Amino acid sequence: GGADSDENTITVGASSVPHAEILEEAAPLLEEEGITLVVEPYEDYVLPNDDLASGELDANYFQHIPYLEQTIADTGYDLDYIDGIHVEPIGVYSKGVTSLEDIPEGTEVLLSNSVPDHGRILGLFEEVGLITLNPEVDKGEATIEDIVENPNGLVFEPDYDPAFLPELYETEENTLVVINTNYAIGAELNPLEDALFLEDENSPYVNVIAVRSEDKDNEALNKLVEILHSEEIQNYILEEFEGAVVPVGGNN
Amino acid sequence: MISIQGLRKVFKTKTNTITAVDRLDLDIQDGEIFGVIGYSGAGKSTFVRLLNRLEEPSEGSIKIDDKEITELNTNELRLARQEIGMIFQHFNLLWSRTIEDNIAFPLEIAGVPKAERDKRVEELIRLVGLAGRENAYPSQLSGGQKQRVGIARALANNPKVLLCDEATSALDPETTNSILDLLVDINQKLGLTIILITHEMHVIRKICNRVAVMENGKIVEQGDVLDVFLHPKETVTKKFVEQVMGNGEEDDLEQLLAEYDQGNIIRLHFVGESANQALISQLAKKYNVDLNILQGKITQTQRGAYGTLIVQLLGNTDEIDKAVQYITNKTSVEVEVIRNVK
Amino acid sequence: MISIQGLRKVFKTKTNTITAVDRLDLDIQDGEIFGVIGYSGAGKSTFVRLLNRLEEPSEGSIKIDDKEITELNTNELRLARQEIGMIFQHFNLLWSRTIEDNIAFPLEIAGVPKAERDKRVEELIRLVGLAGRENAYPSQLSGGQKQRVGIARALANNPKVLLCDEATSALDPETTNSILDLLVDINQKLGLTIILITHEMHVIRKICNRVAVMENGKIVEQGDVLDVFLHPKETVTKKFVEQVMGNGEEDDLEQLLAEYDQGNIIRLHFVGESANQALISQLAKKYNVDLNILQGKITQTQRGAYGTLIVQLLGNTDEIDKAVQYITNKTSVEVEVIRNVK
Amino acid sequence: MLNDSNIKIDDLLEATYETFYMTTIALVGTFILGILLGLLLYLTMKGGIWENKFLNFIVAAIVNVFRAIPFIILILLLFPFTNFLIGSIRGPNAALPALIIGAAPFYGRLVEIALREVDKGVVEAAQSMGAKTRTIIFKVLLPESMPALISGITVTAIALIGYTAMAGAIGAGGLGSYAYYSGFQRRDFDIVFICSVIIVIIVFIFQFIGDFISNKLDKR
Amino acid sequence: MLNDSNIKIDDLLEATYETFYMTTIALVGTFILGILLGLLLYLTMKGGIWENKFLNFIVAAIVNVFRAIPFIILILLLFPFTNFLIGSIRGPNAALPALIIGAAPFYGRLVEIALREVDKGVVEAAQSMGAKTRTIIFKVLLPESMPALISGITVTAIALIGYTAMAGAIGAGGLGSYAYYSGFQRRDFDIVFICSVIIVIIVFIFQFIGDFISNKLDKR
């Protein structure tokens, strides 16, 4: 169903984890309100925005704000978002390095090859004081070239499939490995205990319900956000994802 | 019907340049059975393959039925080829098809309807003695059986010209004979022109009208089969003729001379006149000599007995001389004295 | 040397069950050249393929050099095979190797050192008349040339037993003779045992000691070549013998009878005794008859002239009768009266 | 072990169905298109029936270009075409053009290799009978190379199953993408394991059918 | 158009080098391992020299299983092995085991197909001379099927180039991953285009070399 079908049916594109699962949890609650939610799963980060802009989707739920903004800047799509739903905090792990203070000179940092994550990761490194980024560059778009100060001489290697990072953490002992929390938990790491340092819930990388600008006030879509912010869903998120996904914008 | 001029085929390999067919001229009449003989490597297979342009000539012209084969375009060539059957030295059967379907193949190509095709195939399978094996695959046949499938296939579409490359060399004499009879039969009934490569002279003798002898890509001798048999000019031809005419092999002769160490030994060539058939008995009556037939072969031709006998003459030297003179002067039998005892 | 008992090979196909070799018993002596003849499909190729177990026997035993071939394990079989050369009906050359390397192949297998190998190969290439083509590939050779490569290859490793499956059927008579001479030579010098399948009786005549005739997978007749030639018992053998003995083909005979419509016509079988070679001249002297030699073939064997002549007897009926009686009673020549004029 | 897992039988069945669906349909298309390409390569090659250096180069270029393009980029490039053809760029059907166009050039090469193994003698025999090129193709080349063609399509089928995994990127579903996204990405290795087992079974089925047909047809 | 782009010649050269490096090394491994597997499949098949139903099944199973596993998952499964062998699980070298083990079963099937096309007569000829199986393999089977084996490895090489793109997941680099991550992900389609062109050129080079050798060796 596209935007032009039934008023009370909304089609939302989502990444399978955790977005689609969260939506599936919300669907029955929405049904009670007389709104049918169709979840269209995506495994890719380009198409959901294309499809949203072209009208195939009414909304999507897979990206954080900086990525959405980047896409709008790149494509000129007239997109906006209603509100944030959750954060998937990123953490830095290492077997060999045990404290922020004694990171050896020239330590390698292994990070995801997903370019949209890079600004976020570099921002985290700046926040804990390991590097300084060019202040003229938007944090969200920062790349490795934008590092102006790097006292520890860290070597950033943005070449790895995010899913493999836990394995790299296991074998490449003397490196820093940046792992998305969902992968960390899957690999039976405890982000709070095992991470050298971790994003907090104030991260700007909150995943949002994105819509076409004209639909920002669409009743059904706002209802969806409302339900996603409900206590029931937020508790579900906390329990289901064991801390790898942190709900935001709710009442608690 | 078939007129070949200056035909030439050169194979270039890295190390060699081989002129397989070398400026060959030849005319073959309509309805003729034309034999081609020659040593292994003489260029016989290449020659027939040039006729239907399976091999592109390097030079020269080939006219079949007044069509210049070398100038036909693809489609014309295709149609011309439908009238030229070919039996391959190495069979070239389709392993994916049964015997039946292999034989039906040229009929399918010519667009013969199924019912008619089946009839014709059945008939051919019977003719080549493979009834009962219709559904076998080539890999399940013996060499001679494959050869026969190849023959049946070449005949299936009633071609006007048939090119046979050692069509019977894998066959036993009985089967060979029946195939040859079949060919003669078709030749007479339908006026099929046949070009027949073989190294078996008895095949030539049995069914060919004319014969050409190839050596090093050239035709070194050609003519009526009988003429060539009677008066072979080239060494190669003589060797071939000896095969069918008897054991003229030189080492045999030496052995013979050693064994029969008395009297004269002469070779008599009977050249195909019935008057001379009684020569031996005439000589015995006329002169006081004993004639031992040591070796030889006599066959019948249209004009009479023809062949060679090696005969030992025992007796008085004078009588022997007279006998030999008699043969030389009074008969058409050619005599060659191999050993003269004086 | 080779002793075969109850050998049997059954091919099962979906539609047919074919007993290609059927309870065959045979003994072949050391150093013998043993011929096998038979119609196409008789089971000859299958038979030799069973001897080196290229085809697994369905039943029976094969002893070569007192080794039970059917019971050898893989490695023993391998070693046994190195002593058994084989010439294939369809050559089976490796297209990826030059002539030279094809011939060297069995030597490589036997682990002959390179220098020796090269020498032997050069020698063989010369022997089979392919000098100058050492570096050609099989695809660049004529049928007969391929056949010769196959022969050279089979001989390369000086085998003790040689299995020849129509080794000369693609060859012209000249080449055939030189190959046969080569085989006899090796046979005499090195005591090579040869099993030779062929459909050319003159090959059998020329080099074989004994011959077996196969029909429907069975050996229907066997014995000394001369005996079999002299007294063929089975129809199939007679047909083969006629091939080499002359044109005994029935339709030829009828033609002959029609052409020569006077006098008696008899067939004389000379059975290989030199005493009878002068028979024709003796008869001419003794009786008042003319003897026309119409057709026939006489060849020399170790014991004397051997062969058949078809002779027309012209003259007084009485005299003719006497002459015939003389032959019957006083000579070892067998006489068969084809037409008797009373 | 499996109790901890999030495997949903329904999803698994659906993924299996999708894999089967995509593979089978794509296979048919690949077979046809691949044979076409393979024949073109074979016929136009040096010494071929339609010897044509230029055409051969063009076909080879097309084949090579499409084999060279990473599958994921191929999907992207084909969006306009897919949209025109299927009316959508998502779901299993939308994956088909990319699957076929990705696999056909590959199969085309296998077809070419198979055709080159056909005995030149039988092609000559057919030519000597005055067969049209069409007849030579359908009655000689294809039947005589059929065992190798079938073995080749079996190999391709299995490569296609691999491609379907990547087609997950456009929501085509299938076992590969289920294994990757629901299993691998979520580190739920039970799903990976189960999916792998099912894929292996499917591979065996294809291989078995392929071998069976190929052996059946081989009358040499 | 290219002026807007972020293409860095150095990165491009490095990616090209990585692709070449991985493909070439993996190709050698694949050739050896694939021929081994293909020979095993051929020799143990029904009617083969080492006819052995059980062994044939086992080898076929191994081949099928490894062909079936999606490449990305294969990489994961091989981590312990790779770590043991290479001492690291990242970089071009760490990609090699997965590349080889991913491509070899595939090539193994192509080898099997090629071997089946070898004329049974010449194998029999070698057997009749008392050749060891080793001799038959190295002096008959492989030389007689060499044109098809080379064509097959060419096809495999090009599939391998595709695999190297996926090997980017463990930081192996290469053009495919450069195109995808620096180009596609950043919507810098010039990079995608340039990378594609280079890949196409590499494919042509491999194909050209393969065709050349294969034609050279074909003496039929």
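Observations, loosely collected:
Note that the chains are named A, B, C, D and E in the order they appear, and that numbering of residues resets to 1 at the start of each chain.
Operating definition for what follows: a residue touches a chain if its C-beta (ideal position, glycine included) is under 8 Å from a C-beta of that chain, and two chains touch if they have at least 3 such contacts.
The structure presented is a predicted model; accordingly, all values stated were derived computationally and were not measured.
Remark: among chain pairs A-D and C-E, C-E carries the greater number of C-beta contacts. Using the average of C-alpha coordinates as each chain's centre, A ends up farthest from chain C. Once the centre of each chain is set as its mean CA position, chain B and chain D turn out to be 54 Å apart. We define each chain's centre as the mean of its Cα atoms; on that basis chain A and chain B are separated by 89 Å. With each centre defined as the average position of its C-alpha atoms, the distance from chain C to chain D rounds to 56 Å. Per-chain CA centroids place chain D at a distance of 17 Å from chain E. The set of chain B residues that touch two or more partner chains comprises 90. Annotation for chain D: residues 180, 184, 220 touch two or more other chains. Within chain A, residues 163 each touch two or more of the remaining chains.
Chain pairs that touch one another are A-D, A-E, B-C, B-D, C-E, D-E.
Residues 16-17, 40-44, 47, 51, 56, 163, 166, 182-183, 185-187 of chain A are the ones that touch chain D when the two sit in their complex.
By the touch criterion given at the top, residues 52, 54, 77-86, 88, 90, 92-97, 105-106, 108-110, 137-139, 157 of chain B touch chain D in their complex. Taken together, the chain C residues at the contact with chain B in this complex read 11, 13, 15-16, 18, 37-41, 44-46, 89-90, 132-133, 135-136, 140-145, 147-148, 166, 169-177, 181, 199, 201-202, 236, 239-240, 242-243, 246-247, 249, 252, 255-256, 259, 274, 277-278, 280-285, 289-300, 305, 309, 312, 314. Within the complex formed with chain D, the chain E residues making contact are 46, 60-61, 64-65, 67-73, 76, 106, 109-110, 112-114, 116-117, 120, 147-148, 151-152, 154-155, 158-159, 161-162, 165, 176, 179-180, 184, 192, 196, 199-200, 202-204, 207, 215, 218, 220.
Within the complex formed with chain B, the chain D residues making contact are 119, 121-122, 124-132, 135, 139-140, 143-144, 146, 217, 219-220.
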